[in-house]
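Multiple structures follow.
Two complexes, one shared chain (chain A), two partners (chain B, chain C).
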Partner chain A sequence: MQQALEPSVQLDKFPKAVFDVSAMVLEAGGSDLPILITAASVALADAGVELYDLVPAVQLSKQAGQLLLDPSLEESGAEEGSLLVSLMPEPNEVTSLTVRGLWADSEMRDGLELALGACGQLKAAMREALLAAVEGEENPEK
Partner chain B sequence: MAAPSTTATASDDIDAEAFKRLYPEQYYDRFLSEGVRPDGRPLGRARAVTIGAGAITSVDGSALVKVGRTTVLAGVRLEIIRPDEMSPSLGQLALSVELAPFSSQEYRPGRPPDHVSVITQHLTTALLSGGDAVELTSLCIAQGKAAWRASLDLYVLDADGCVLDAALLAVLAALRNTRIPPVRTTREGHYVAVGGGRAGDAGGEGIIESSPMAMQLGRCPLGLTCCLYRGHLLVDPTADEERLAECCVSVVLDQHGRLQGVYKLGGKVLADAGTLVKCTEAARLRYRELSGLMELSLGQAAKGTGGNG
Partner chain C sequence: MAVTASTTTPVCVGDRLGASDAYEAGEGVFIRDGFLFAGVVGHRRIEAPRPPLDGGKPVLHVTTRGTQPLVPKPGDIVTVKISRVTQTTALALIVCVGRQALTTEFKGAIRQQDVRATEIDRVILYDCFRPGDIVRAEVLSLGDARSYYLSTAKNELGVVYARSAAAGAPLVPNGWVTMQCPETQTVEKRKVAKVVSGWEDITPGK
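And now, the complex of A and B:
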């Protein structure tokens, strides 16, 4: 998780600070690590830390020639290979990539395309959530 | 604490937040003189409670409780064990409490926070001592051969005051939400829990008729914490109020309104009998409110899972 998030934080702006990011999985239903990374990235933004970009992350699972995006626990159990991508969409830079299993070239390309598209969608949702939270704070609380 | 300078009170330019941090006592005094607290509550009102029973589906029983911002998650995991030789007809109950790192400002990595051990101790006294809160005999499957061991795990996700009250409520709701699976014997004489969907394949053979379906609870302890600050009694304090307070009193009652425990841990001020009586009365009212909410939440959870078996 640290490797995935570190490139997104403007660390040179905080020379003497240590950011303690902790995450707790309440219920493990599959695809846990990418969700942890995504949540931690939103939390950093919510804390007002200066970032280069948000870091959405997704997991892909390969089964019987098909690519499954965001596998559940049962689907992960039956997989032949998996691909975990965390991406900074603006500079289009991948911060972390973990591949397990055997992947043919074409499968890898398809997988990455699917994952990058999904990250883009995820980032839109992350932005919406952050904007909604800021608006909620600006309006007087009931 | 030394008396704060009067220049701060005269100036209206200081941001309220900075004022609160620099001169917390004066900040609170301003509110208390009007008879309210910073979050708008009158002195005697406790915070709104949300109970989510069955929040986590990967365990046998769970409850997520929010008292204001204080959030506690309790989960119950069941496993079949061989009962202790000294008590062959009793199951076991194990309790563990963990404070999430993001739950409080005072968390320092590498050092377990001080009040975790206090909460664990109070919870253990409330639930395990005397053996009459959870009926351990109801966890027995076959005398001397098999019994259930319930592991109660508590995670404090946000510690904004009155963690003990939220913890007790979460534990009770989780225990009552726990559904114990039926047990069958295998050919080798082992006891195995029957999974929900697989009961049909086993053909129902060897299922022990009398195995328990739910936990029997005898005494149901629930509590309310109040704190004393400059002669005012504040009910259900937040973390900021707890830090300022001179002392905190927790009263734990059972469902008949009888005192299960009163905890007052030192502090600068001694509470007299009148104060304790007021705390107990407040705790009684709170008990009724909480048990009503708990029934509602458990009913909703049961209806939700009724269709799935």
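And now, the complex of A and C:
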């Protein structure tokens, strides 16, 4: 999680300071780590920490020639390989990439394309949630 | 901050706000590849250039709704409470940075040579600060592992509030190096800060 989130924080704005990010999993239904990364990124943004961008993360599972995005526990159990991507969409920089299993070049390409697209969609949802929170502060009666 | 929703737009981290040749970066904004991006979630606010920089670009800020985590940086004016005084250093707890109170206390140290600007080798620290004094200081550097290094070597820096050793009453400043107790009339030595009015006299040390 540190590797995924560290590049997104403007560390030079916080000299000699340590950021402690802890997460408690209440219910696990598969694809836990990317969800933790995504949630932690939103939490940092909500706390007012100066960031370069949000970090959406997705997990991809490879099974019998199919690519499954955001696999559930059962689907992860039956996988041949997995791909975990965390992305900073604005500078288009991948902050962490974890690959397990054997991937052919074409499979890797397809997998990455799918994952990066999903990250884009996820960022839009993260952005909406954060902006809704700002609006909520402005108009508490809404 | 009283900004109405009609004059500002909410922005999220990573949103592109403008080109760097049209705007200057203010708070909560960073520049990459010639464009300004928001670094925090908040409202985008444009400020016209201030008189000294007339003819410059308008400044773009993103103001957050709550308080941001704040860490002292070199050049910041901080408010500290003296915890211990030795022969060479006065140890202090940094309580506020600028106008904002901190949630965690940081440790700071005022070394003998940083107390004042003149005759720095003949400073007697016990005649400048006492434990419990509230002092306005400037952060010199990140210091060592234990504490930030602070300086009071300016007219507007130094003791702003102290209690009398005899009666415990707040001391009244009597000059640059003395303060007097209003009840017992005893004079105590301190490195006194000449505070003109609020925070307007402090120019940012950028």
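One rule holds for everything that comes next: the second predicted complex is superposed on the first by the 140 of 142 C-alpha atoms of A that agree within 3 Å, B and C clash if a C-alpha of one lies under 4 Å from a C-alpha of the other, contacts with A are read in each partner's own complex, and residues count from 1 in each chain.
In this text, a residue touches a chain if its C-beta (ideal position, glycine included) is under 8 Å from a C-beta of that chain, and two chains touch if they have at least 3 such contacts.
Here the structure is a predicted model, which means the values were calculated and not measured.
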**OP:** Based on the superposed arrangement around chain A, label chain B with chain C as either clash or fit.
**Re:** fit
Original post:
Taking the superposition as given, does A:E27 touch the first partner, chain B, the second, chain C, both, or neither?
Top reply: first
Subject >> Touching partner for A:L131 - first (chain B), second (chain C), both, neither >> reply: second
Original post:
After superposition on the shared chain, which partner residues are touched by A:P15: those of chain B (first), chain C (second), both, or neither?
Top reply: second
Subject >> Three-chain overlay, vertex chain A: chain B-chain C angle, C-alpha, nearest 10 degrees >> reply: 80
Original post:
Which partner does A:E90 reach: the first (chain B), the second (chain C), both, or neither?
Top reply: second
Original post:
Taking the superposition as given, does A:G65 touch the first partner, chain B, the second, chain C, both, or neither?
Top reply: neither
Original post:
Of chain B and chain C, which one touches more of chain A's residues?
Top reply: C
Original post:
Closest pair of CA atoms, one in chain B and one in chain C, after superposing: how far apart in Å?
Top reply: 8
Original post:
How about chain A: which of its residues touch chain B in the complex?
Top reply: 20, 22, 24, 26-29
Original post:
Can you name the residues of chain B that touch chain A in the complex?
Top reply: 56-58, 73, 100-102, 109, 155, 157
Original post:
Considering the complex alone, what residue numbers of chain C touch chain A?
Top reply: 5, 10-16, 28, 30, 32, 37, 39-43, 64-69, 71, 73, 142, 148
Original post:
Can you name the residues of chain A that touch chain C in the complex?
Top reply: 10, 13-17, 45-54, 88-91, 123, 127, 130-131, 133-135, 137-139
